[in-house]
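In the two complexes below, subunit A is the common chain; its partner is subunit B in one and subunit C in the other.
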Partner chain A sequence: MLNLTKNLPIIINKLTTPQSQKLLKFTSNIHSTAGNRQNDQNLKTSVVPQKSKIINPLKHEDFFQINELVKLEDLFKARCHYGHHHGLRCPWMNEFIFGTRITTDIIDLDQTIPLMKRALNFIAHIAFRKGVILFITRYAQHIPLIEQSALEVGEYSHCKPWRNGTFTDSTRRFGSVIRLPDLCIFFHTHEKLNEAHGALSETAKMLIPTVAICDSDSDPSQITYPIPANDDSLVSQQLYTRLIKEVIIKAKKKRQELEEQGYVIQYE
Partner chain B sequence: MNFLKLSHLLNPLKINALSSSLPATKKISTTVMSNFYLNSLKLNAKASQLASTTKLPFSDADDKSNNERAENISRAMSYYLEKMAERESLMKFKTEEFEIGKRHLAKMMGENAETFTQDDINRSIEYLLPSGLFNKKARPFLKHPEDYYPKSKLAAFGSDGRPLHHLFYTGNPDFYQIIYELTQKYLNLNRLEDAMNLIKGRMKTIHKTDEADLNTRINLTGSVWIDRNKLNVKFNMKIDELSYNKFIIMLQKLAEHSLSKREETFIGQFIVPFEPPIKLSDIPALLKDETGRPYQELEVRQRTAIVKLKLYEGNGKIKIKAPEGNFNINFFDSLTQREQLLFPFKVVDKINKFDIEMEVNNGGMSCLSKAARYAISKALCCFVSADSIEKLRLAGLLTSDSRPKERKKPGQEGARRRYTWKKR
Partner chain C sequence: MAQSRINKAASIYTRLNGLIKSNLIKWSDRPLWYDIYKAFPPQRDPIYRSVLGNDVVAPLPKKLYYKEDELRAYFFKNISPIETIVLNSNMQQPNWETFISTYYEMEKMGLKKESLIDATIETLLAKGFYFKNNLKKTNNLIEQTNDKNNAESDSVKNEMKTLEGEISKSNLIETANVNVSPDSNNQKL
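Coming up: the complex of A and B.
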């Protein structure tokens, strides 16, 4: 047996075992025949990859060229530096605040930029790995924009009242086992006035990473990738949705292109 | 011995998954392998199998190097397929059972099993197992399993576990999709209106109806919004009263937009033609007595009271036949009860134009007068025009009072009345 496997290419061995035959039958119910043919090709390429065609996206400094996307001027023009009245400030946001002008907190955009780049990079990597991304907000004015953006990039949105247990008790809520989102993006961290969104604690419990726009009154301590910036203006939200959309589309396109060129993506 | 070859033997399909799931140090130190280590390898193989199908955010299951077709199916999908297979086998078993039962029943009844229909089954079960149970659902039955087992739902996600609908996680995607479309349409109309105003060079007019508006706004006269139950049935969803009310407010807002005619097809889904509560076709035709005089007769029961009425065209005569004897309007002592009797005529402005013949039985006075009023109003409908009928309806005279007698309470004299209380 050992000798046999040594001499023959692995692919032949795989397809002739009874177990693999069973699996082939199983999957043929789901995929179309054309898809099967394509998958066969993928299988061959995946089994014997050429060394020059292996890519590890995590090894690159800026795999999706995000540095070019985020500009200070854009953020400033989109009024991202406006915070809330200083009395509403969350103490965890102190380090991101530049100063207070006429009782209004001003957010330090110099700190926002690297954090935003980091968050966008993370979003791009999740999209690249075909993760499920969920857009969340409860700010009535932004809901149509957020929902539309999610639909445009083929992702998901939840802008309706949060029902406790949507993530933590999903099997009962949805009536079957479901795949939970791999990343939640909060465009506004409050559900009601000064009350944290119910999804925040549930993402933490289910180990779902989060990206959130944190205004001066929101708590960034529960969030994996906080972006300190104004979350109330529609203009600012338009900027965030534009950037995130761009990044997701870029990542998905890149994945497709690499696969077409026969590259193999490996993480170590 | 080489590690790869050994693992190959264990599970030839999972080489890549296995090698990636083990730390690098283990790969090198494989010169001696105890039984224990072999077992742990098996465990690892199982773990990797699990990991590949659960798709954790940081698992390598998505990567091309590990991408095998079996692993393409997510845990969600495999669970669904499992459930479907279970249901299919159950249904197969139950169907076979049903067929056998049917044949037995046909044999018992001495009929041909081939031509034994569902109606025959129902009839024979009623004959063989007569049941006096009040609830029909509790009575014995024999039906095809497809008729009473809950229907299987289609999977809401693909084979990779990604939901098919962009609002899947809200838990009510069908309803929220409609709301999403509605909002987008409203915003688009707003944008359009702004652009048009820009061209015309005028400021936006809010809720101002001019002639131009009437051509571009949807006309909803003669129709009403679809009710909640019909909406649920039409779009196959379950929405509660609160969301329904909000939804109707949103629809109303869209319909009131000055350019709402452009969304006529969308709004048209949610309107139904207005149906008058009283149909003219339901009103019975007039009867005629021996002399050819038109009249209408009917019987009304309320609580314990029974009123048999005959209404003729005439000049205001009232005959009341009670068990105690024959009376006129004096049968009713109280002035309010007498007024009650005449009220329907007052509404349609026909006082002293009809003769009443009534036979009353049982019941108290107020109850009888109320029943008489209802009977008169109903009978009047046969004589008067549609406008007058609408007047009667708006006055609330065509609605029967369905309240039963309130029960006597213990420790009290009646339904509400207490015993006289004496301090000492």
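Coming up: the complex of A and C.
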């Protein structure tokens, strides 16, 4: 017999501080602005920097070496090319589908790789600028994996049922002005079966960019950086979390090293 | 922060650009992602679209068929039924894939098309492969009925006739299952 009472406290220990409390710490603007962040850094280094010590990471084409990370063979081994039954297909996903094999859609991985690189590059740049990243799913099987990966990286996750107005009506919901995330990563775009996640429209309303893994049954039109790939199997989710974790840690480390060496990061 | 919340009108980038142009948001107060988006824009402008609108839907994807499908269908119908696959490992090759690969090897050797399937089954049996037989169950049932009804009934006769016809069509039974051959059945009757 399973002893549930013994197992419970371990789960609770892992998730001690709720994510909403962490978000409450920031009591400045709803959006962290680019100007404020630059001023903060300039105040610390009040001395006028040399020209050779100024870096603009946006001028590099591949600042975080992401081209080496994504490989076609890994995607195939993680079963990222499997879609849903062709009856469930969203018509906007037609261009990303290679063909239908005995009533199941097969996703074209040649198209996913450049899209995935672009999305990972965007995530890395946001992490480099110390932006807040939110991981979102409602797929019960993947929730522990994604919550844990968010904790390991030092970012936030929202895997509970979505209440309408958490972004749009945030001040009333949390009791004070809070800072919203700078980027939302959707590991699964459905909240219930065949029902779009409530956060998808709210991010578009609040001008928050999104990265999402779109299966053949999800609508990619309103997502800024869609990645057409399988989002149901656990092996493929492990691959996505691994890649995103690697990218975020890489960006944060790079920021620390550059600041220690006395470089100044400017975006203009 | 001042912003329009009509998410279906335009993409987030164009809406923010408009706000900056009209001085509702200062240039220094622009959000964090704006510069990154400008430097590395997405493949498509993320605007909402509906199937009823003017946006053109891409053509339907094609259906995928392979050259080996004919062989695969033959294998499942006549030689052995589909078996379970272990999804955790990519190392194990399914039974029918080995059959297909050996078939193409034999084809390269220069055998005739009619004798190719028999030859591949013979080679695989020599290597120690085991095929589950489709027709084994039906044979056993007939034997049981024969034991119960000592006299030869017409229905059993008809069944046997149909069975023999199938066997003569595909000469696989002789090679795939040595114990139950058509000749032995006749002797029992």
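Convention: the second predicted complex is superposed on the first by the 221 of 268 C-alpha atoms of A that agree within 3 Å, B and C clash if a C-alpha of one lies under 4 Å from a C-alpha of the other, contacts with A are read in each partner's own complex, and residues count from 1 in each chain.
In this text, contacts are C-beta pairs under 8 Å (C-beta built on N, C-alpha and C of every residue); 3 or more make two chains touch, one makes a residue touch a chain.
Fair warning: this is a prediction, and the values are worked out from it, not measured in the lab.
Looking at the shared chain after the overlay, A:166 reaches subunit B, while subunit C stays out of its contact range.
Legend: residue contacts after superposition of the two complexes on their common chain; A:53 is shown touching neither subunit B nor subunit C. Within the superposed three-chain model, A:175 lies in touch with subunit B and out of touch with subunit C [touch as defined at top].
Using the contact criterion defined above for the overlaid structures, shared-chain residue A:158 touches subunit B, although it does not reach subunit C.
Of the two partner chains placed by the overlay, only subunit C lies in contact with A:100; subunit B stays clear of it. In the superposition on chain A, no contact is made by A:71 with either subunit B or subunit C. Within the superposed three-chain model, A:267 lies in touch with subunit B and with subunit C [touch as defined at top]. When the two structures are aligned on the shared chain, A:144 is found in touch with subunit B, with no touch to subunit C.
When both complexes are overlaid on chain A, the residue A:259 reaches subunit B alone and has no touch with subunit C. When subunit B and subunit C are set side by side, the one touching more residues of subunit A is B. Touched by subunit B in one complex and by subunit C in the other are residues 30-31, 36, 126, 129, 131, 182-183, 207-209, 267 of subunit A. Here subunit A touches subunit C in the complex through residues 29-37, 58, 77, 91-92, 94-95, 97-101, 105-106, 114-115, 118, 121-122, 125-126, 129, 131, 168, 182-183, 201, 204-209, 221-225, 267, going by the rule given at the top. Taken together, the subunit B residues at the contact with subunit A in this complex read 5, 8-9, 12-13, 15-16, 55, 57, 60, 62-70, 72-77, 79-80, 83, 153, 156-157, 159-163, 166-172, 176, 180, 183-184, 187. By the touch criterion stated above, subunit C contacts subunit A in their complex at residues 1, 3, 5-7, 11-12, 15-16, 26-37, 39-40, 42-43, 46-49, 51, 57-64, 90. Partner subunit B is touched in their complex by these residues of subunit A: 1-2, 5-6, 10, 13-14, 17, 19-20, 23-24, 26-27, 30-31, 36, 39, 42-43, 45-46, 49, 126, 129-132, 134, 143-144, 147-148, 150-151, 154-160, 163, 166, 173-179, 181-183, 207-209, 259, 264-267.
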